[in-house]
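Before anything else, here's the structure in question.
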Amino acid sequence: MRLLVANANMTQAITDVCVAAAREVAMPGTEVFGATGTFGAQVIGSRSENALAQQAMLELAATHAPHCAAMVIAVSMDTGLGALRELLPIPVIGMTEAAALTACTVGANFAVVTFGTRHRSTYRELIDGYGLGARCVCVEAIDAGPNAALADPQAAVRALAGLSERAIAEHGAESIVMAGAVAAGWQRDLQALLPVPVLEGIRCATVMAESLVRLGLPKPTLGSYSAPGARVVHGVGPALARMFDPSTTG
Amino acid sequence: MRLLVANANMTQAITDVCVAAAREVAMPGTEVFGATGTFGAQVIGSRSENALAQQAMLELAATHAPHCAAMVIAVSMDTGLGALRELLPIPVIGMTEAAALTACTVGANFAVVTFGTRHRSTYRELIDGYGLGARCVCVEAIDAGPNAALADPQAAVRALAGLSERAIAEHGAESIVMAGAVAAGWQRDLQALLPVPVLEGIRCATVMAESLVRLGLPKPTLGSYSAPGARVVHGVGPALARMFDPSTTG
Amino acid sequence: MRLLVANANMTQAITDVCVAAAREVAMPGTEVFGATGTFGAQVIGSRSENALAQQAMLELAATHAPHCAAMVIAVSMDTGLGALRELLPIPVIGMTEAAALTACTVGANFAVVTFGTRHRSTYRELIDGYGLGARCVCVEAIDAGPNAALADPQAAVRALAGLSERAIAEHGAESIVMAGAVAAGWQRDLQALLPVPVLEGIRCATVMAESLVRLGLPKPTLGSYSAPGARVVHGVGPALARMFDPSTTG
Amino acid sequence: MRLLVANANMTQAITDVCVAAAREVAMPGTEVFGATGTFGAQVIGSRSENALAQQAMLELAATHAPHCAAMVIAVSMDTGLGALRELLPIPVIGMTEAAALTACTVGANFAVVTFGTRHRSTYRELIDGYGLGARCVCVEAIDAGPNAALADPQAAVRALAGLSERAIAEHGAESIVMAGAVAAGWQRDLQALLPVPVLEGIRCATVMAESLVRLGLPKPTLGSYSAPGARVVHGVGPALARMFDPSTTG
Amino acid sequence: MRLLVANANMTQAITDVCVAAAREVAMPGTEVFGATGTFGAQVIGSRSENALAQQAMLELAATHAPHCAAMVIAVSMDTGLGALRELLPIPVIGMTEAAALTACTVGANFAVVTFGTRHRSTYRELIDGYGLGARCVCVEAIDAGPNAALADPQAAVRALAGLSERAIAEHGAESIVMAGAVAAGWQRDLQALLPVPVLEGIRCATVMAESLVRLGLPKPTLGSYSAPGARVVHGVGPALARMFDPSTTG
Amino acid sequence: MRLLVANANMTQAITDVCVAAAREVAMPGTEVFGATGTFGAQVIGSRSENALAQQAMLELAATHAPHCAAMVIAVSMDTGLGALRELLPIPVIGMTEAAALTACTVGANFAVVTFGTRHRSTYRELIDGYGLGARCVCVEAIDAGPNAALADPQAAVRALAGLSERAIAEHGAESIVMAGAVAAGWQRDLQALLPVPVLEGIRCATVMAESLVRLGLPKPTLGSYSAPGARVVHGVGPALARMFDPSTTG
């Protein structure tokens, strides 16, 4: 099967590390295909950049999803997840959603560790929005944002390990969700330092997307994830316009 | 004060009814200014159209908010709320957020009534996301979507009243949040049919926005609503680019 | 409009500071009218004094509310809130309720800081009772009670700032609800020391009460906030007896 | 031991039925002593009457509790519970609290049935305030208030049975909390009609109060239930004034 | 990889249908191995039979898991899940857990439908215990238990479809978790009748177990799922005794 | 009445200390009868040993409960609670359940303190499973497990007191639930060191069981705690087989 790993920001390096992570765990028959945003944010590090990334993500999906069996959102804020589930006929999985759901199967609870203290609230909201708040003992963040983390990965891993250890000692965390697409390459390094499983979103989302393909569940025809029906939209690329309204020519 | 009422879809008629609703309750000195989306959805009736509306909303804010004291989101999914609070130095209020918070002061609980059964989940998620789930006894929707409702407003009001009465009888609802920007003009008609207060979002958001201006609270400099700092973004209008990065020329 | 700011304890100085706070933010046309309890507790600093204050608050309302457009409860335990909403035909807002609801519009979450460690539980119960528990990251209290705080306000403000900073650092608090009517005069001083908005209840309740008057919502005729109908009560003042049963003479 | 069953409204008949219920289940050595409010409401049927009853309840406690080993609150809104726990050195149990806690030991969940639809919210708030919301599948009320119920008890029992059966069928209720002090005499009749246990508050509170006496737990010296220390209060009876401040003479 | 599908009751037919379901979705390289309980209940249809099944499940695991890469619990009450995760070095997934987690990725929420009204509470507790209560809009059950369902599968499927449709209409359910191992063979028939995805536990657990194997997460060495260390136990089979204490001979 | 105190592990010393605790608080007419497991774990200190203890507990109940008026589970994980409530016609109370419910009547909240950090999650799950999560401010554990605690009880008590004091200072705990059957003998020593009530499960369960007997509630004939009806089970003792199916001979 062909699996779309879509990064809605414009940094190809992040896409690359995510594609590599996906390939590490994908089934033999799975072809992982990466796509990078063509407008919007350079790196998504705030609520407002994430807002911009919504359309960028939909454009990526409109262009690439038709050739794929499933899609993984390679932005740790799971940009556009609900919209994509509604719009696309194929399974869509968010990387942080996947890590959190997987964490539920390997520990009694999980802590989220990430980059940038401003994200403590945004990830808490994300996890609570998935109805998983009761399983999440804390959300902790190192002071440095994604860019600083990329500049010195080893320091970032050590800092994440420190946060994780505190979450284990003080909050009794039994697994660690490492949020942040930039960190997709560091799962092994962080895991080596910790006594509990470390969940990295791209890997978790990859196997979960493959699983959904295997299950072969139908697209719902009722409810908030059913297709919205023909809708006229403006200011979007031709592929996305067609996805909203198949009668569109152009 | 000047108050921006921003509708991120492209239907001027919806903006007009929202502006009229805002003016009904605004303080004497408040000038209500309406703005309508210039791209994206004709009417926002799905998760995916709402995703597109995020950037449209940010563009409206970038263009018009600098001249305003506060901003009201005239889309009942409160499109872009978190992003706008982060990006703008002025108070921002979502219409459904405002109705729900106000409902907490006039009844022990509230029911949400709206258009389109697919929205039962999306409004439940919105309310739960505000941490108000415990106050919301149910979310009910008439089968017709916004367009059908607009085509026969009297029938829509009667249908909403029927839903509301059932929410009162079966779930003990003590107030009604009427969700849907298209319904901003119907508050009086629906209220006339019901024994409990009916909260319409634009009106609630207008007085709440004015209130925040009067309180004069500072913009936070820490946390998820603090300004994101200079960020490079692409594919956005010049006003929005400057808002992300004031050093941008152009 | 005339706005009643009712303090159910017997300390005029607390009423005065609350009235001053209300006037700071009230609309030009609003006349703020303060009222002080005539029996019960000197300062309400415990569950049992608050129990006594219930009737004192109803007596104040019976005497003064008929001439007012809205009422603000100037006791930080929001004494009698539900009863007053039921009994009075005008909007009633509790000061801590107002601060908590307002906090929801300026930060992803809030911490409560107050005086007297015995109040950690009582404010937690109050906030949870409003269904806002999920937005409240912690309730912290300085060791000194209200009287000690009044004796050395500068020390109290510094102590509250210290608590707040810890709530920000450890719990990721994005706004601060300062509970305690005695502190109504310190909002500016505490705000000056903190990087996130500080919500003081009297100010928040004042603009919220004005807002409800502008919205002009009807009194419910069903549910727990509808008028209880004629009820015979004994041992209350004549105004309150008439409010319970308008046929009462005397 | 001597057990105080205190009814803060002025209807002796309600006290009598509660005392009888308590005696039905009390241990051989327990002497049940009933006390009736001397001012306030004739029957507590609203939030505002319950507010008045707070002081009435504290006066009853001040007068009678010193001679008792434990106290049962014979008002189904558990009037003054927190205040009494703080003020008194002996165990205090609310009748609805007791029924709800006991229900947790005989069914996977419970429904509350009561008199007067306005009370659906007030009991929901009460149960949620005890942190037991997750165990309570619904709160249902017959249309008639306490007075109408007293006028035709057999009809009231049949109506409560009907509500209970619906709660069992639709919500899967596994036990029934019958709220309302007036109903203390009907437990056996209602139980005879239902396939799941019926919890009546006075009986549950009686055995729970006795149990706490047997456990001999110390009064806390810290926290919200510790004694408030000497406090000056006005407009209360001499016994209550002394309870607030033992140095008071007179 | 070799995947253990362990049914702790003694009915081989249930094991067979579960193994067949697992094989339907397993990856090409996966060998599904079924195991059936050798003591305990004939069919697990109550809390007490499930209690007996705990040891039966551990015995199955001790005997068969050492030769397997992962284990699926083929009892819809997820018998022994926590214990097995603690005791075994391989991934373990419960069938209802898997269906519920998967449901979170295909709908905004889910309803559980099952056999036997007595199970409404037990599945509610199970789902709530996974912290997924907020995603579960209702648990409904047909009156017939597992045996009656097996006797007339077509009637059972129709009844489940009816329950599901009501859950969709009244509670806005967006996906259906079909609980009950006996129903593993009916997923396709039920799916054909419904407009939203139907999640059957064995299939979901099979792909989830394979996914965990691919992720290669380490066994935690801290927390409630770490190995308990050498423990002396009596009255268990030799394989299980060795699993508790590897130094055991015999 | 005769009260069964059943310890499902094989350590007679733990049964003895529990029986002694029960006798300390039991009513004069109550005869406390202890029973110890005859197979399974030596000490239950893990999820897997607790799984084994389920059947052991049912066997004890089948043998001894028929002669008793009520049953107390003398394992702090409340082993088999739901199953026993279903199977037996008499009241059954879990020791930790009882301590948590009692804690709700003596403090605004409680902390759980116990032995072995691996149990932080298991007790959190237990408390949450009772729907009491909102009342539990934290679960803390000393590093040593039950055996180490038994080896030096005085050190264990001091360590529990330290944990408790921190829970009081940091989390505002107002009562302490001491979990762990081995600690039943230390309630007085721990209580002497702490300013808030200490709840020990056996004592709480004993008086609660007696209370349920006095209330004389009927066994439910519907719902998850109703008797399962005749069920064929294998590999259990004759008394237990007869309890499942009274027609069994043997």
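Lettered A, B, C, D, E and F in written order, each chain numbered from 1.
Going forward, a residue touches a chain if its C-beta (ideal position, glycine included) is under 8 Å from a C-beta of that chain, and two chains touch if they have at least 3 such contacts.
Everything quoted here is computed from the prediction, not taken from an experiment.
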Greatest separation from subunit C - chain, by CA centre: E
Per Cα centroids, the chain farthest from subunit B: F
Euclidean distance of C-alpha centroids - subunit B vs subunit E, Å: 43
CA centroid of subunit A to CA centroid of subunit E, Å: 28
Multi-chain contact residues (two or more partners), subunit E: 82, 85, 108, 117, 120-122, 125, 128, 133-134, 172, 174, 222-226
Overall pattern in which the protein chains touch one another (line/ring/star/complete/other): other
Pairs of chains satisfying the touch condition: A-B, A-C, A-E, A-F, B-C, B-D, B-E, C-D, C-F, D-E, D-F, E-F
Touching residues (chain side subunit B, partner subunit A) in the complex: 10, 38-42, 45-52, 54-58, 80, 82-87, 117-122, 125, 128-129, 222-226, 228, 231-236, 244
Complex contacts: residues of subunit C adjacent to subunit B: 25, 27, 82, 85, 91, 93, 97, 101-102, 104-108, 130-135, 168, 172-175, 191, 195-199, 203-204, 207-208, 210-212, 214-218, 220-226
Complex interface listing, subunit E residues touching subunit B: 108-109, 134, 172, 174
Subunit A residues touching subunit C - in the complex, by the definition given at the top: 117, 120-122, 124-125, 128, 133, 139
